[in-house]
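First chain A sits with chain B, and in the next complex the same chain sits with chain C.
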Partner chain A sequence: MIPFIQTTLDGLMVGSSYGLLALGFALIFGVMRRLNLSYGPSIMIGAYLGTLLYIKFGPPTYVVAIVAVAGSVMAGIYVERLCFAPLGVGAGVASMVSSFAIWMQLEQASLLMLPRHSYPFPSLTGGELWSLGPFVVRPDYLIMLAAMLAMSAALTLLLYRTRFGLGLRAIVENSLAASLSGIDVERTMLKAFALASAIGGVAGFLVLSANQQVTAMLGMWATLKGLIAMMIGGLGSIPGAIVGGLALGVIEAHSQNLFGPQVRDLAAYAVLFVLLVLRPGGILGTTAVRRGMGQRGGDRWTTT
Partner chain B sequence: MDDHLIGIVSNIGVISFVALSAYLLLLTGEISFGQQAFFAIGAYTSGIVTAMWQLPFALGLGAGAATGAAAALLVGLPTLRLHGLQFAIATLAFAEAVRILFELFRYQIVRDGELVGPNGIEGFRNIRYIFENDVSATEFMLIIYGLLGATLFGLFLLERSRLGTAFRMIGEDDLLAATQGVAVVPVKLTAACLAGTIAGLGGGLYAHLTTYVEPAIFDVMLGVHSLAYGLIGGLGTAFGPLLGVVIDIGLLESTRWFAGYRMIVFGGLVAVLLIVRPRGLLDEQLVHRIRRAVRRRPRPSPANDTVLGKELS
Partner chain C sequence: MEAMLEIADVVTAYGKIEALKGVSLSAAKGRITCLLGPNGAGKTTLMMSIAGALKPRQGSIRLEGSELVGLSPARIVGNGVALVPENRLVFPQMSVRENLLAGAYQRNDSGEVTADIERMYARFPRLKERREQLAGTLSGGEQQMLAVARALMSRPRLLLMDEPSLGLAPIVVKEIFGIIAELNREGVTIFLVEQNAHLALQVAHHFYLMEQGRVTFSGNPGELAEDEVIKRAYLGTRRSAG
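And now, the complex of A and B:
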């Protein structure tokens, strides 16, 4: 029983990083109804800028964290200006492909900055282990879990208790009506995008400091894990992102424990596939999503 | 033509099959991140048929196309009720699962004292049919382009048929198409099967062109690229995806103009292009205009214009 609980705990810990990534994804998708494939590579730009600084000058860790978050916010704003703002309503596929093209661009820019496959990254805790009774946990991941919970609470407050959040929810409901009610749709979307990139930047920093290294796979990894966690949990919902992230972590930990690393990814994809077929809205989604999301009031993100 | 050029041109031809496969689904309004899976299935199947069972090449290609279609049917049945992002992610999950299954797939036999066949993550080496049967690189290139031409001709006929019209109707608005009497799910399933066939056929050609396939080739990157080709080249005609492939592989990958900055240039170009032309270079309007110019039909007289206001050109 103890090994089982330990594996579940490990899964929850890793899952908190997926949850954090999914949180930023859910915010962008929830507001724009568009898929931003450049989400991971934006995080990568921030992380690589932080790493570059760390290798060259060895500044204190909080400076690296600030640079990483600022870098991914900058990259996120660049993506929004180039791929999302100029393409009007109804060009969802073009936005997605455009964000993919920028993915290639950001990744190459990162590799020009730091060409090797992996680099060291400063750790927050020194990578020690804590034992709680019979169980072992890593404080790095406890920080991540705490950050995920704190950030989702803050995001919920922001969405439901502030004017900015009200505007954002109005846009989600119907962007045309929102703009007629005097909400500056473009500015609000840009802010939401920057906020999502900042959440991604924090997630990236925490994951890298737990791993104590940064690799060239970061962009792809962040996009895929965030996307899968969001889809498992429920499209564009904050509790969904958390549940999806944690569920993905637990599924991966158990299947790796039972069958090895290749089957770990296979199991994650198989669960995702079956879940989408049986319950397209995700664990916490409603079945109302089934008939084309956004056919009521929103813009269809596919087609024309 | 020298060998290098033949290699590039053949490569463009083979990748065009995946791009066409993604394009066909885009016509029905669905985004698939998973066409590379059918490409992989076709490649492995035809490799097994020619290199392991030593059957003729045509049979290998046929088997590749058939398994591609069968796999597309199996995946299409549960997923085509989904929409938009959910469909895209379901196909992504399927394709990645297929890639990992090929990493675990081992099936080898001894042939001429050597082990032949898929060997998990190491891949499938020595699919040497075209060398063993003295098919030259130029001849193989002609085979590729012959099949590509046939596929394009088929798509050309398709787009003029009722079925092709139904594809585009569903792509515009599936609810409206349904009210006009289009059976949405069966038509989409047909599109998915055709797309699977094209990808499977391309996979068979790919395996024989490179003589070697490994699971890592068929990752998400290939899928998203093939989707992007259609959007860069244009969604108005089947030549659009081809143009996309030529621009990417022909112009940028092969000529080493920008060396380390290729992706920075290419990524920026594509993003700017999509701002100017969100439906690609050869979009529906341009294709329509070209068709009208080619037919030399007299422009509608002003009297006709007044019915619905000015005609859009």
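And now, the complex of A and C:
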């Protein structure tokens, strides 16, 4: 029993990093109904800028964190301007394809900055372990868990208690009606994109500081894990992002424990597949997505 | 008569197809101006062009002298123009109250916004009863009232309305037109698209007929026999002639 619980705890801890990544994805998907494949590579730009600074000058860790988040936001805004803004609202597939192209561009830019496969990254805790009775937890991951819960709470407040959130929700429901109500659709979407990238930047920083290293796989890893977690939890749903991230972590931990590390990712995809067949909208997202998709009016007016 | 809205030679196209082929008209300040015309005449296209949701290829749209063409829909709302769109387009998953708040999105006087919401509830008591209900669960007539109230929340100088009677029972239509007349008495300039020529001619001070992207007649109610107006508005002269 104790190993089982320990494995579950490990899964929850790793899962909180997936949940953080999925929050940013869910925000963009929830608002724009669009998939930003360059999400991970944008995080990578920020992380690499932070790493570059770290290995060149060794600044305090909080400076690395600020640079990582700011870099991710800058790259996110670049992606938005290039792939998502110019195409209007009706162009989901085109923006997804172009965000894939930008993925390659951002990865190349990162590798030009730092060409080796891996580099050291500053740790917040020194990587120590805490014992809680028979169980072992890593404070690094507790920080991540706390960050995930705090950010999802903040995001929920933002969406339901502020004017900006009201505008975003109006855009999700009907972008034409939103613009006719005086909501600046383009600016609001850009802000949402910057916010999602900032969440991704925080996620990236926390994950790397827990790993104490950054590798060239970061961009791919962040896009894949965030996307899968969001799909498991529910497309575009904030509680869904958390549930999906934690579920993905636990599934991975147990399948690694039972079948070994090679099977870990395979098991995650298998669960995703079965889940999408049974509940195409994810655990929490089914009705929300169907509603949002069905009633999204206004695309008729954005073609000229 | 001083003009609130002056539209000159506006051409708006969907791809290659010109839906407006050089429209000129004006709406007098403090009055109700009505635009009639058969299906597909371009009435909605004109409303969307004024509101900035469609960009005219050519021509000018002036609000008390200042040009609106080229401004974003949000800026046009900021200039004092609000459109009650065809088919209402309320935000279905938001409460009645949130829909009204969305209409006041650009306003910074939160105390006055709250007071205006109360005024809307006084004018539309059924919205008050349903203030926390999701807008998507309202009846068609209630949704139309909500769409009007949402537009008024921006405190417009010019209220544009695109077929407010669409799909509503006669008794509800009457209520809506009562509200239109009342708003106008309170000083709001109204530019109204309507299929129901009979009702439109009762409230309008001036009307235009539009067919196939062009204004074909302009006059005051009473200048043309009502059945003649109705014939043209529903059928169009070109089609009814043949």
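As a convention for this text, the second predicted complex is superposed on the first by the 287 of 304 C-alpha atoms of A that agree within 3 Å, B and C clash if a C-alpha of one lies under 4 Å from a C-alpha of the other, contacts with A are read in each partner's own complex, and residues count from 1 in each chain.
Rule of thumb we're sticking to: contacts are C-beta pairs under 8 Å (C-beta built on N, C-alpha and C of every residue); 3 or more make two chains touch, one makes a residue touch a chain.
Source: prediction; values computed, not measured.
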Partner chain in contact with A:Arg169 - chain B first, chain C second, else both or neither: second
Touched partner set for A:Ala216, first chain B, second chain C, both or neither: neither
Contacts of A:Ser98 with chain B and chain C, given as first, second, both or neither: first
Dominant toucher of chain A (residue count), chain B or chain C: B
Which superposed partner A:Phe273 touches (first chain B, second chain C, both, neither): first
Contacts of A:Leu284 with chain B and chain C, given as first, second, both or neither: neither
Partner chain in contact with A:Leu208 - chain B first, chain C second, else both or neither: neither
Contact residues of chain A, present in both the chain B and the chain C interface: 291-292, 295, 301, 303-304
In the complex with chain B, residue positions of chain A that touch it: 29, 35, 37, 82-83, 86-88, 91-98, 100-109, 112, 220, 224, 227-228, 231, 235, 262-263, 265-266, 269-270, 272-273, 276-277, 280, 289-293, 295, 300-304
Footprint of chain A on chain C - complex, ascending: 12-15, 48, 51-55, 72-74, 77-78, 82-83, 85, 87, 89-94, 98, 101-103, 105-106, 136, 150, 154
In the complex with chain A, residue positions of chain B that touch it: 26, 29-31, 78-79, 81-86, 88-90, 93-94, 96-97, 100-101, 103-104, 171-175, 220, 224, 227-228, 231-232, 260-264, 266-272, 274-275, 278-279
Chain C contact footprint on chain A (complex, rising order): 163, 166-167, 169-170, 173-174, 176-186, 291-292, 295, 297-298, 301, 303-304
